[in-house]
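See the structures that follow.
Same chain, two partners: chain A is paired with chain B first, then with chain C.
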Partner chain A sequence: MSSLTLALPSTSLASTRPVSAVVVSPLPLAAILDHHLRRGNDQDRVFGTLLGVRSEADNTVQVRNAFGVPYQAQGRGEVTVDMDHHKSLLDLHLKINPNEVVVGWYATSPQLNSFSALIHNFYTAESSPSPAIHLTLDPTTLAFTAYTASPIGTSPRPDHLAFIPVDSIMRLHEQERAGIDLLTSNLTSLSNSAAASKELGADLPVSTPLATMYRLLTKVSVMLDQVLEYVRAVAAGEREGDERVGRALLETVGVVPTASQPQQAQKKGTETKGFEEEFNAHLADVLMVSYLANLVKTQTELSSRLNLLV
Partner chain B sequence: MQSGKRLADIAAPAIEATPVEQPQVKKESAKQRARIEQGLAEVRVESIRVDGLALMKIIKHAREAHQIIPAPAGTSNATVTFNPAVGQLLGIDSNGVLDISNTFALPAGSLGVAQGDDSETRGVKAASKYTQQLLPRLADLNADASLVGFYTSTNNGQHLATAGFVDALLGAQMSGGGIGSGQAKATPVGRSAAKTPLQSGSGSKTGKGIALVYDLASANQGHVGLRAYRLTPNFVEAYRAGKFDTQSLIDNKLVPTNILEEVPVTIRTSPLLTAFLSTLVTPSSAPSAAPAFHSTSTLPSPRSTPLSATSAFDTLSLPTSTSQTTALPAPLTAPLTALLTSLDTHQAHLSTLSFQSRQLGRDRARLDTNPAVQRRRQENEQRAKEGLPLLPLLPEELALQEPSRLETMCALSGVEGAAKVLSEATGAALVRSYGSRAGTTA
Partner chain C sequence: MSVEQQGAFEDSYTQPYGSAYFISVDPIFEEQITEAVSLIARSRPENVRVSYISQFAAAAKAASPTPALDSEEQDDQVQEKKEIEEDSDETKQAKRKVIRDLLSSIKGLRLEGTDKEFEGFANLLLSLILSLFPSTDVDFPTLILILSDALLFSADRTANPTLSSRYASLAILFNSLPTTASPSLRLTVLLKLITYASTNDDFTVIAPALARLESWLLEWGFGPGTPGEEEGNAAVASVVNSLVNKSKFVEARELLIAHLSSPSAVEGKAATPSASAAKLASQLITLSLSLPTIYDFSALSTIPSVSTPSTPRLAQLLTIFQNGDVAAFEQFAKSNAAVLDEHKLVAEQLETKLKLLALAELCSKKVGETVSYEEIAEALKLKAGANDDGEEVETWVIDAIRASLISGRLSQSLASLHVTRAAPRSFTTEHWTQLASRLQGWRQSLDAILDSVAKGVNVGGGEGVGAVEVSQEGAKEESA
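Up next, the complex of A and B:
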């Protein structure tokens, strides 16, 4: 028996492995759109630097921030890019957040041209040893696509690059969720009619906890209505049921706790009592904390007024 | 830029330009002055409109940079300090509405959190230097490049108790700009005895120079706690006098709740951003297809995955339920701990104050036995009877000043803020618990 020894080539370091996915947060995209809105009259696209974090473990690139880089198109076939701008903005940015490094660049046009290759070469040098990524955001369809590039051709030339699309995922940090929810609160069909009837682009008030909760409950209510309507239509034979929807509904209903349904309440009286007790204890706790908070508030007000008298 | 200007000067016939330009400038400044004299009502900023991009930037920076430095082991909670995220606000005001279109972050410590006056000015100086470097770059990108205020992060309503916040807001308000832009005018007076009278710039008239405060704890409760503040005229008056003793507080009717006045904030997004956000949350499938159980669907581009909608409803669940993998919503313990911490801080400030008062009392008693002081007092009484002007007090007596109550007041305001956040959280918690009951008994 002869054995075969296999060894990974020495080039399979993290920096040379291909990017598996690009994770984008909404902030850089919003910044890109803002930059696009502020472009000069004679420009059809803008580009700039993407900042973010590379994950060595699963070869993903997280795009977390972006800033624009101005350029001048001079006739055909010549573009002057203000790389001084890029350098100084990058320096300033690194003072704020040294973790975010250059990961690539963006452009607001879905078309790649030969300038793309030249600019990409520059950013590859900036983000070395890791490969740079390129993100295009189409201002008309508002779709974004991420690319990596590799040189093609027998003799490598700077303007010969093959751009390969990479999977891009939108991901939101928990803490940023509330902000995005606020911004999109009157955009979905699920928001209540009062908010939906407001014209788009109107000013949104800053949310309070109770208002947020009200909005969410309204959403849930609208969703339940939709489900009920769908179930009714299927049961009446007006439309064909979807197996997947049925299964999802069954699972959801199974999750709902059935501690104190009327029939069970008679059989398992102790269990119901348990829930009631739990509930009352919880309520007492919450009310206690609420009482404490209001007490402290009153005391604060009192003490500050007394300060003025003494 | 400079060379460009010079070139333009050389190229353009200066004779033609100057006579036309000058009267215009003069007229405008005269008009402005007249407007300022007319009163504050006309141009005063009455509401703030924050762009969606600015909001996202503030939230991101606050999330990444806000640090709570825990108390060293063995000491009380009173030594907990914050290192807030600080940045500048850019925008423009028109017709009483301040539009904030963009923001940028400042390096950590720009609020002057580090101890000592020396490092404080260094923090502000560094911030203003950073600003000067960044602003022309933003102007190159056709972005708004005029400072209108600053933002900072806080946790559970502790903004007034954050060191340096009051000084920074005062500076911003005097200059109508951000941090460090009013440095020459606003010298911190509260602690140091230097009594330089603050000059009110045009900023204090227009009401520009505001502070946006983002409360990190709000995200745990599922809402956006963004508020805009401005110092009240009473407080500025007291600050200008440079003393916060009991008499000055009474004169200006200052209590912790009226140091700041709140300015209403609304959020707006540009149409393009609105369109983009709607691609993230609306179903793109045809309306005749199966009903949308999730508020999201695939984007036009097949390779991009949109936001998942389910976690948005975490706020509705009970904090104690174990099925939740995320930390949302936060249980009541976090705001409760914050309240206790702020109470401890206030207690520490209070004991310092009472120590200082006792010291003052002792010093006064010692002065009463001082023969020189007694002689001067008798002399003054005599002169008062004869109607002569009084002799100035002796330096020993002048040196005795009542301790400043500013810190105590700010700490008390921290307590109040924490209590407010806690009561808001309990309100939401009540709704949640009744919701869970409705879910089981229905």
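Up next, the complex of A and C:
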């Protein structure tokens, strides 16, 4: 069952400010999984620190980074967590990016236990004055859940805590997309042959604006094909169309300059052409300028070298 | 080795309830009760406080299996905790009695305390109930409801604890209801929360709950076409009422649309909607008609129960808005003034909306063209004065643009409107075909652009490499 997170109003005190949602970037999730896969043979789960940013405007916590903290379990009921390791790594991270602070901790097991309460207390102190969050990642299903802690009893005891679920979502930041695309394309090509990796290699030297534009245009045209297929099926009466989709599409198409005048069917052809021609001509101009610029550059380079020789 | 290691994380103090976890290491029943009671006692008259606390403390002590534990015994207790819990039915019964008494003593009491104390108190009582009473127990729903009432009971707004901590505590209670708890109990708790927050005007707080209400109703078996349909409809009706009472018409309408168009309702098209659904449909039509921001009425026709609302006249009125004109409405209004009055619909407002729709319809046939003021005046049946200068037409057009029905440019000197976009009144196959042809056009021009960009990429790439080569050669020469 999905849990309920209320949009509680902000308070002036940081320690009582509610957490309305936890936004996780793909990077920390990948780091947590990586940590889990590299765990020792005798361990069934790993812990670590979550770094991120708190947004005071909407009370969300953004998890942007994570690092593992080693621990040792000695028999029943005894766990030693290497807090020195946490402190020194945290220092290093803060040197790189002082904006990302400790927001909580993670564990790679969907089940909580009494150590969760004790570890959580440590992280509450680390992330003070704001409350810490706890993220559990199930390594088999890859499902993750975020919790905040709430005391049980009027006189708070460190080992009496209720962990309350908070809405958690994964969000990919625009800036990360290129990197994630590259990573995931590698993933899919793993199953394919070496040909795919060769293709990937060709893509790797990241690209001129024009090449990027080429890629984006290809993407758009693929998406357009999908939409066209749907619209055609609906128009031909093969499937029931959703009116809302139709209206949204019509609005979108209206914004596209070349296709905005469908009423003038004959005129439309010429106008589309006009736009294309203009675009092509402009593109040719740009290419010419860049060619000439390169030519000039080469020329000067040559002449300076020749001057040296002479 | 690994077995032993896993054992390190196993303990009997952690209990998952619902989607929350409660962790209490070595809980001592007597202490827990005393803590809870001392907070409750603050709301009691001073002269009975002490006796009240000691009464419960004594009861709790009597209920605990081994009243005085020294530390050694406690360790043994930990090892055998499971056994003890399972064995001593008597103890459990005694503890349950204490909890029952405790909860009946907080009925109608205004709890006092700081936010932190209140939060802890609520969690404490909740964990006691959850650990001692299985969700199938007959007393379980009653106790949960008493607790939720007590959490929400407050005499005035400013009192400590604050409203937000009350909301938060009830949300925790809702989240920690075990999966085996009855759906009605969940719904009741949720409705309590929604009603309480709406009486205090805290709609932003419960917005997430409202957004999920429909999916929960379906999940819990209150969706249309199920045995729990009536209960679900009643719940939606009560939420909608509290929203309407606070003038939250847009939210109320969204909730109604979500509820009436939920999947199972659409599937069961053949079945006639129940009386309660028909009532909700009437409310939906009324809200859609009276809200000044809603102009899309064709979307409503996909909702089955809307065609058979509890007031059949409303369906007729909706049809006029879907494809009728002002004249048809005037006729309707003349003979059905009582119906309009009953649903608090204002004839003038409706007429205005209808005229704007007519304007949009006119414009949607002329996207990319110009429409003269005369045409607009004729479509709207405006009787313009001699020296009006089209001002009235302009007002109407501006209103339509503001309602985002159309967009375009007015030209006063030419007395015409250049339409760049207009929302069609209903979305037909014709529109789909039109959309397909526009998309096709877009696709083609995109292909052409793609071609030239592809050329550009090849040319630019080759030339760039050449330049690099030259400079490398130059470097070589230099080093030589």
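The criterion applied here is as follows: the second predicted complex is superposed on the first by the 179 of 310 C-alpha atoms of A that agree within 3 Å, B and C clash if a C-alpha of one lies under 4 Å from a C-alpha of the other, contacts with A are read in each partner's own complex, and residues count from 1 in each chain.
Heads up, the rule we're going with is that contacts are C-beta pairs under 8 Å (C-beta built on N, C-alpha and C of every residue); 3 or more make two chains touch, one makes a residue touch a chain.
None of these values were measured; they are calculated from a predicted model.
In the superposition on chain A, contact of A:Asp44 is made with chain C only, not with chain B. When the two structures are aligned on the shared chain, A:Ser221 is found in touch with chain C, with no touch to chain B. When the shared chain is aligned, chain C comes close enough to touch A:Val79, but chain B does not.
In the superposition on chain A, A:Pro26 contacts chain B only, with no contact to chain C.
In the superposed model, A:Lys95 lies in contact with chain B only, and not with chain C. Judged by the touch definition given at the top, the superposed model places A:Pro165 against both chain B and chain C. Chain A residues 145, 165, 167, 208, 210-211, 213, 217, 220, 227, 256, 258-260, 275, 279, 283, 286-287, 290, 294, 297, 301, 305, 308 lie at the interface with chain B in one structure and with chain C in the other. Put simply, chain B touches chain A in their complex at residues 49, 52-53, 55-57, 59-61, 63-65, 102, 105-108, 130, 133-134, 137, 140-143, 216, 218-219, 221-227, 246, 249-250, 253-257, 265-283, 290-293, 295, 299-301, 303-307, 311-313, 315-316, 320, 326-328, 332, 336, 339, 343, 405, 409, 412, 415-416, 418-420, 422-433, 435-437, 439-441.
Interface residues of chain C, counted against chain A in their complex, comprise 1-2, 4-11, 13-14, 16, 18-27, 32, 35-36, 38-39, 113, 115-117, 119-121, 123-124, 126-127, 164, 167-168, 171-172, 174-176, 179, 190, 202, 204-209, 212, 215-216, 219, 296, 298-299, 302, 366-369, 420-421, 423-424, 427, 429, 431-450, 452-454, 456-457, 459-461, 463-464, 466-467, 470-471, 474, 477-478. Considering their complex, residues 25-27, 29-31, 33-40, 64-65, 67-68, 70, 82, 85, 88-89, 92, 95-97, 139, 141-146, 165-170, 172-184, 187-190, 200-213, 216-217, 219-220, 223, 226-227, 229-230, 242, 245, 248, 256-260, 275, 279, 282-283, 286-287, 289-290, 292-294, 296-297, 300-301, 303-305, 307-308, 310 of chain A touch chain B. In the complex of the two chains, the chain A residues touching chain C come out as 1-9, 11, 16, 18, 41-45, 73-79, 109, 111-117, 145, 147, 150-156, 159-165, 167, 208, 210-211, 213-214, 217-218, 220-221, 224-225, 227-228, 231-232, 234-235, 237, 241, 243-244, 246-247, 249-251, 253-254, 256, 258-264, 268, 272, 275-276, 279-280, 283-284, 286-287, 290-291, 294, 297-298, 301-302, 305, 308-309.
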